[in-house]
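Both complexes shown next keep chain A, but they swap its partner, so chain B is in the first and chain C is in the second.
For the complex of A and B:
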């Protein structure tokens, strides 16, 4: 009796979320799979071709190159994002003078649009008119000056850096929340036991933050695998494909060549990869819950 | 409990999918509105009635070029009561969204880039009946000139306007873009450098500019098709437009068969090795490259004739501009007098609910009066006969007069997969990542992959 009543009452609570899930995730996903099984003309008429788009995709070196670049962005970005974000969040969780100001400064780029940030950095990176190279030269570090966006060796890292610079504020806020909810008594106990601040950070705080870090890593991976806007505006995928991601490849296929079937197939493969990577990361990083 | 929730989820998902699928557009295509009955070609102007129309425009908000179009819209709204002309920005970056509207049956009444007779990828809309055949209207005698409207346009642009198979006309050019070599005339005069007519002259001019401490040629390294302008033009001279297009765009034959391809790449390599390009061009975007040219930091730039109107705000008042056709190549077996060009074509939707008013918009935009004002005041090059050359482009009239034929820019590559093969390889050559021979081999491999064979 109680269970039946519980069952009845759960339906109206879950229904809105489920409808939204169906409309904005399941339907597009199913539709994308459907599109990927067809060939399109520029005017949008389509013809069923089965798995042909997947066959083309599997033989396309441009797709593998974009996939490699996408993973590199995820990897390089992880290195650029998490160490400084954790360090800054830790610093902000200490009682420091001007904490609010620092939080504002770090969060400010987040409210700027991707287009504005990209144009700003396109100027900063400019080899002769920008700010970075002249600054390096004026410090006697001219040997470090590069054509940042124009050199295949640096372009991907340069684009990734802009993406991280733009979004790091969000991650710092989330990590700050994690640091602030750590139990003071556990930290105090560690200090009473003689642990220095480094030891407290590394051996006490980090293990207790593991769950949060796992979620943030998965979120970063999912977000960075979808990278599109920064690459599109800053380099368009160049020089010669060195920053091309699955997102920019899909965009070109769909909207320059009207090859929607191919773009959809690339999208489906990316979704499968993202789900697999997220699952794997969750499994690898999962540890027994800490009770505190 | 868990099972009940699972059932509920599956059920909801299925219902939502079915409902949305029912609302979705089946096999896609240019569905939605039905094609409208085209007005009688002889009396279409008498059928003009006021009403709302939406037209694509290329200039951005706030630019002088847009003012002309706003004036036309205001005049039409006055002449035909009830008319409302909505102007929608229809330039490059908005094309994906606008094309989606065409696919969904919500087309603009007049739009750009829907047709180009020289580009196989842009014939589909016409072939699917989405565009109005303009030929019957263009064949009518224009009362202001006493000649058929079609004769108003330069014969050189007919290849862009006309469907290559049916001969029907689906686009009318509001402006023409010519790929020309701009040079800083004052700088050339000051250092006694001769404007280059031949490739050898170009190399000498590059030496002269370098001796004067100026980078010879401004180019962007962040937009590969603009680097490709160099190989496109060189190959037109060393191979010939028709042969080069067959290999690059149509996939007929191999790029290794005609020695002109390797010769062209070698010439580009020579220019690169001479340090002919702007310092740091690899990381310079095209707006910055163009600005650096007008700031006197580079002596030449190969660009479309739109350069002057696009950069009007940054060109110093005392800047002395020179315009040249791409240099000829002594001993080259290709076309020495042809020019690469593109026409900005306006097409009318066959499903427009007010075709006569849409045609009137087109007629007014390409009228000699409007075209003359646009040429004079904002430096647009017109495809309409009798329109004077833009004074902001000194020498363009001579350049065009010397051209024996206008050829489609980019060889019609821009909407094809081959674009992703050709221009990145040219970029690698210009960046110094490979030599001419390696470029040729990579091009051969890439073109075989995308064209088969």
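For the complex of A and C:
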């Protein structure tokens, strides 16, 4: 009886949320594949062209350039992100003085908008009016001063650094949770056996955190392959396409050339690549689980 | 009447486990892990953390300092030279003439409305998924959770066309609905996990007392959801307040823009014009309330955003 009554509320309770999800997420998701099989004229009419967009993509140097940059961001970013994040999380897990303060400072950028953080760094990087170059010059390191965002050699790394600076707090907190879950007795046993702190960290803690690290690397890859806002605000893809990512390429294709088919095809390719890389990483980094 | 044995939790296949039930209070952890005695290698930690802290704080201080300068002062003095006077009229200018006040109002409206819709719809959707056994509950939960895994950004081209066809382009209502939808997967995920930790005797007792299922939901389950609702609402609000990409995609007239987009436009203008100090005052206005809120709610926000990292 009561169960039958309960069943009557299932549909009205679920329907509103499902309608929103269907209209603004599921339908666009399916439609992406559909759009990628069409060509758009400037007037906005659609024509079915089959796999033509994918053929265009495969011969487009701009697309390869953006793919290369996207992968570079992922790669450079993981180098900038993981060593400091692991070191800081290790430090915080030692419950040093001022832990709460450091946690606040490290996590604060995460709660700021990508737009604000990008603008802030755009001005910090400014060659003459910013903070970085004048500071370097005053310390006698003027030779290191650069037009960070204006030089194709440094622009990509500079953009990547901003995205790492913004997000590193989340990785630190997740790693901290990992350090806190490590079994005390194993660590104590290692210390009794005469292992120094560095040895405990490198030979005991890191192997036990392997699974967590794998998940975090995959998360970083999935996130960084979608990089858009940082690039769009900081450099707009320039100078000379040196920071153009798949995200910004898609956006420009859609809104500068009204070429929604091309944008959708690039999106589909990006998702496929993302899934493939995530799968590959999971496989490569997977080891037989340690039991502890 | 139903007995407690045939009221099983709905089976949910192929779905990551819901978040753990509330952890024991922090005190327990603190006592287990006392502060380590100082060792020489801690010096390295303090140096590392100190460097990061100093650089972040000096960036903030720099923005504050510039927001107090005149444009001429900004161009002619080194960045660390303290502004001559407290020039609060930069803030007045930013708020009125650069329309930061308007953007702020838009942001409040958009974030509050979308958070409200996203949370309310998620509570209703999560209830049957968590506590009523029916045939497609597993599959439906899977549909919601798919939203946590698929990169949303990829679907922007069809989304734009759909919004155009629905006449929701360049409308705050459209942006609100999109934000609410994009909050749903995470909210449903957290609330389903939370509701499953409540004892199943609650519904039975209510049924014995003659309450219908809707009544049970409103007067028995809802009041118990306080902490779960709070964390979901805080995280949704933060995300909606900060969102940039969909605002850029969907909103085109300045008088409808939320803060991040408005600030971005100001930044573009500052590139070519000389509106520097206004721009920095605008940044302070945007950043300070968020940082204050974060200082107050640090624990909930950290925990929630960490769970939300799944969403990427």
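Some points to look at:
One rule holds for everything that comes next: the second predicted complex is superposed on the first by the 260 of 292 C-alpha atoms of A that agree within 3 Å, B and C clash if a C-alpha of one lies under 4 Å from a C-alpha of the other, contacts with A are read in each partner's own complex, and residues count from 1 in each chain.
Here, a residue touches a chain if its C-beta (ideal position, glycine included) is under 8 Å from a C-beta of that chain, and two chains touch if they have at least 3 such contacts.
Note that this is a predicted model, so its numbers are computed, not measured.
When the two structures are aligned on the shared chain, A:129 is found in touch with chain B and with chain C.
Applying the stated contact rule after C-alpha superposition, one finds that A:58 touches neither chain B nor chain C. More residues of chain A lie in contact with C than with the other chain of the pair chain B and chain C.
Legend: residue contacts after superposition of the two complexes on their common chain; A:150 is shown touching chain B, with no touch to chain C. Of the two partner chains placed around the shared chain by superposition, chain C is the only one that A:264 touches, whereas chain B remains out of contact.
In the superposition on chain A, A:27 makes contact with both chain B and chain C. Once the two complexes are laid over each other on the shared chain, residue contacts for A:96 go to chain C alone; chain B is not touched.
Of the two partner chains, both chain B and chain C are touched by A:6.
When the shared chain is aligned, chain B and chain C each come close enough to touch A:18. Of the two partner chains placed by the overlay, neither chain B nor chain C lies in contact with A:282.
Taken together, the two structures place residues 3, 6-7, 10, 14, 18, 21, 23, 26-27, 31, 122, 129, 254 of chain A in contact with chain B in one case and with chain C in the other. On the chain B side of its complex with chain A, the touching residues are 1, 4-5, 8-9, 12-13, 15-17, 20-21, 24-25, 27-31, 95-96, 99, 102-103, 121-122, 124-125, 128, 130, 221-224, 279-285, 288, 292, 414-417, 419-420, 424-425, 427-428, 431, 433, 449.
The touching residues of chain C, when paired with chain A in their complex, are 1-2, 29, 32-36, 39, 41-42, 45-46, 48-49, 52-53, 56-59, 62-63, 74-75, 78-80, 121-122, 124-125, 127-129, 132, 134, 140, 143-144, 147, 150-162, 177-178, 180-182, 184-185, 188, 203-204, 207, 212-214, 217, 238, 241-245, 248, 259-261, 263-264, 267, 276, 279-280, 283, 286-287, 290-291, 293-295, 298, 301-302, 305-306, 309-310, 312. Chain A contributes residues 3, 6-7, 10-11, 14-15, 18-19, 21-23, 26-27, 30-31, 40-46, 61-62, 122, 125-129, 146-152, 235-236, 238-241, 252, 254-259 to its touches with chain B in the complex.
Of all the residues in chain A, the ones that touch chain C in their complex are 1-3, 5-10, 13-14, 16-18, 20-21, 23-29, 31-32, 34-35, 84, 87-88, 90-91, 94-98, 101-116, 119-120, 122-124, 129-131, 134-135, 138, 170, 173-174, 177, 180, 184, 197-198, 219, 222-223, 225-226, 228-229, 232-233, 247, 250-251, 254, 260, 263-264, 267-268, 270-271, 274.
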